[in-house]
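When the chains are written out, they are named A, B, C and D in that same order, and each has its own residue count from 1.
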């Protein structure tokens, strides 16, 4: 188990760094796909089977395809390094390290008291569905409205621009 | 008339309804109403209707010093905020001034050519705000209307103003907001104190007056905050510099409303809120206010004398005239304070009319430079006559309205402040200097500017705008009694309220201290020597 | 005293209605304006005369027109009241006023805006009548300011010349300075007695010796008002400039009626002045100085109207001298006789100006007695009257003034009575001299102008004759009747013994000397004046340039004040206050500009800042816990 | 059994990398992808917590985050395309209209 986790963790971190570090957006995107798949596997390890599947289908499948499609559509070039970018990189890295440094004692102190109920829950479709359509019915419906609005919005953005472009 | 008719609410909100209708009725859309003439007639009708309602209010008003036509409804009950309106003689007089000036201003709006509908909308909105401010009996409601006055004026100056309108409008708004934010803080403090002492919240003025106990020190600070807000609005001497800029840049109608009504709100605020809420704080500031008022009178007059821009001159003359009002107010006796309120009406009429006259000239020649005019009396005699009448009203010639106000103020305040009043008499002299200099330079002499040769005299519509003001000038100068009769009881109530609350606070504070720490009384008396004496003497004199 | 109700309001009402009617009708029918205005004035005169005929010396007619305004204890009714004093003034105002109206119909016939002229003139009558009929200080003040306004309007009647308009403004402003003092007096009286009604004030004050201190101050304030309206030092500067107005205006307003308002007011408030010997002493000195300075200035003026103007100032000084000596009836007597002969002189001057086609400089006149005999004759009579020669009207009044001054009992003044009388006598001599000079320069010798002088129309010469008759017999007629009539209102000193004609002629030696000397200097010994002038050049220039008073005021008052105003505006208003306002704005703006540098407009920078801030917040809470 | 803090540490690392990416990268699409990284990090921690607490609420939360992420993707990519059409570039530094 631990070995699997270590492998997956390494994959996730490495691909995440890849997303940030690689110059070409296509490469970044591919790294992100790897990362998402890794996370999906971690979900599975945490008994969240349904989420794991959704992660693969929706994220790695649908969203990333969309991203890749856009990248190719726009034919984006490699990002040129920028002089002020180096300072910014250092600054951001520094901030990140600080952040982790602060989180570390928190994890250490705060999470010792947690008891693990790992065996009690199963993230199956059945359990998930029951919760979604009972307790979380309203947020669920609201989410569907949100998605609809998003679709309409996306269409509007595209459409309006076509008009503007034709002028 | 019964108060269940909600007369005051109708009065306040009729202009607002009119303003909204301007946008709702498609007839007034610019595509249909190309020159905005329908919108103009409509809003004029609304203003006249408002005037009619205010006349109804006058008719149902009984001559005594109490609040009448009172309406009250809970607004935000959880904070004790209510919608409470009512009028006494003072606010009724100012309301009538507002409703009289508004049709005049709308008639004069023909000089506005762009975005007519929006202009009229802002004017009507402004009227609602002004009427609301004058009728509000709830401090929160007052504050809301007080700030609401700012927004339409901001747009009126900022959109239809002159070349430096952005600077002027920013200056106007920032100055005013600076003061009123402090006032808001003071209001909240008072309500907080009230809540501490009574265990419930209320913004109702009568509650605050009856039951809020404040220490002397608190009163001083709170009055200072109120005084700053009102003093900027008046404007009292060092806070006046927004006025010339705002007046110069504002369109004619804006100037008239600004001078005619908005400037009155400062004095009104002092009378309705500042003095009654914090009588002892006010007492401490009276010498300061009085000194500043006298400085303002002389200073405004002197500076007005050397102006070359007609509007600026009239604006500085406002500073001088409002100085008289402050002087009369702080004299705190019936004669002077009644005169002060009366002078507010006079100033609204005569200065408003002067701005209208400048507007008439500006419409024709597009300049306000005195040097561009001269010898106009030969070319435009009717205009010259009107200008003369309002000039005389402005310099308080007997049998015009200005005299009654100025005489009452000076007579009354002479009793309280002989020295200051004597200095203020300089303003009487200087007033004649600058106004007659202006009149001479524009109306008399040779008609030497070629462009003035084609000037046309006032049109029938313009005469119609001046006619009500002209009648008022003479009526209020010849037979002021109907107005004074209604003002006096209200002023008496104001004075006795101030006196009573001052005594109440004094006793409570002393009583409280005597209970808690007897030795403190001596320390307190030692710390503020003279304070008690000043109060006792000046209150005695206020019996006049 | 018996108080009777009477329709007094009608008296001022006629000219008020006339004013409006003359303006409206006159716009269409030029000639009608004059007729309407004259009619209104005559009607007022007739109505006054009718009331006057029915009243005795003790009657007080009263008319409370309406209650004007009132707050708390300040209740003011629009009260008109006519007692003996008021009646005399009223008769003078309406009588002389009517004559001048009639004169004006001819004099102003060619003017374009004659309707405006007559409207103003009637408005003046209205105000003046309010002034003399006012039953309390405020109604008087209404008239007081009203006549000031009309004076302003009429001086600037020919407003196309900016100098004339400026003269009007000067008159109004200088009057306002006096009015401020007057107002102060009213405040003091109201504050102490709670009323502004003359009768009530008199009842409260008269003879109350505890009020001396207050009365001294009040009287001083009132006198400041009087110096403005009646052109005394230091406020006399406006009157000579006021000659810019049409000549009938100068005759009516600036000689016969308005300028005597100060005297009238003093007489009306005699109960206050009676308790203020110190103030009266000041009045004496001021009046004496004014009489002398104005007389010396009149010596060397070349404008015929300027001579008369300074002469008026000087004569007003005489009146104040009489009043300050407590001889109010004498002051009023001189007011009346002065109204006769000075109106005659001004109208005569107007006739000359009219005849010489608007020439006012006496150096371009001369020998006019041949061209305009009636004008000459009336001018001669009036000159003899003002010179104080028996039996002309000026003799009796001047003689009475000197008598009053000799017997002045004012403790501050009494020791110097003889000096004062001497100076007044000398001034009277100067008066006779300069008036004879103007007479000689205008009517004697050869004509030096280029126009074709002609006698004036009948309306003008008729009025001149009427006034000349009054100047001839007025003094003699009133000498005993006036004190008898006024004795219930004003303190009247026991009448002096009547004198024989010879004595009277001997007493007019001053005037005779002046006239003779003037005639000699300006007819046969024509070189002498120039010689004298060159001998005493500095003094001569001083006199000629009007003692440099205008220049002085300009230099020490007007210019510095204007400079200060400009300084206040630029330095305090725009510099200091707006500097502070805009400065605080600029501080905020600058700090905004500095802080703006942190706003790159780039999302990733903002994201980084957000991240850093998050860390900071977390650290904050960690450190706190 | 793997302790929950391991997952959390992993999530924190991922999140930090995402933040740094947002700050460092100028390409809007990459920035967008970094945001997805951050979302995933949070999701991961929520799933881990869900197991610790012993009920499914955390997972439901993750589900909704995914829904929102999908919506965000649709809109975000639409905006990116619109941006590209107006500026012909995907540099985030080009889109600094707010500053003016």
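Here, a contact is a pair of C-beta atoms (placed from the backbone, for glycine too) under 8 Å apart; a residue touches a chain by one contact, two chains touch by 3 or more.
In this text, all values refer to a predicted model and were calculated from it rather than measured experimentally.
Of all chains shown, the one whose average CA position lies nearest the global CA mean is B.
Seen from the C-alpha centroid of chain A, the farthest chain centroid is that of C.
Chain centres here are Cα means. That of chain B falls 38 Å from that of chain C. In terms of their C-alpha centroids, the spacing between chain A and chain D amounts to 5 Å.
In terms of their C-alpha centroids, the spacing between chain C and chain D amounts to 93 Å.
Taking the mean of the C-alpha atoms as each chain's centre, chain B and chain D sit 58 Å apart.
Residue numbers of chain C whose C-beta contacts span two or more other chains: 604-605, 608, 611. Contacts with at least two other chains are made by residues 88, 91-92, 95, 99 of chain A. In chain B, no residue touches at least two other chains. Contact between chains, per the stated criterion, is found for A-C, A-D, B-C, C-D.
Residues 66-74, 138, 141-142, 145-146, 149, 152, 156, 159-162, 165-166, 168-169, 172-173, 176-177, 179-180, 183-184, 186-188, 190-191, 561-562, 564-566, 568-569, 572-574, 577-578, 581, 585 of chain C touch chain B in their complex.
Here chain D touches chain A in the complex through residues 1-10, 12-14, 16-21, 23-27, 29-30, 32-34, 36-37, 40, 43-44, 47-48, 50-57, 59-60, 62-64, 66-75, 77-82, 84-86, 90, going by the rule given at the top. If you check the complex, the residues on chain B that touch chain C are 171, 174-175, 238, 240-242, 244, 299, 302-303, 305-307, 333-335, 338-339, 374-375, 377-378, 392, 397-399, 403-404, 407-408, 410-412, 414-415, 421-422, 425-426, 428-429, 432-433, 436-437, 440, 443-447, 478-481, 484, 487-488, 544.
Within the complex, the chain D residues that touch chain C are 19, 22-26, 31, 92-93, 95-100. Those residues of chain A that touch chain C in the complex are listed here as 88, 91-92, 95, 98-99, 102, 106.
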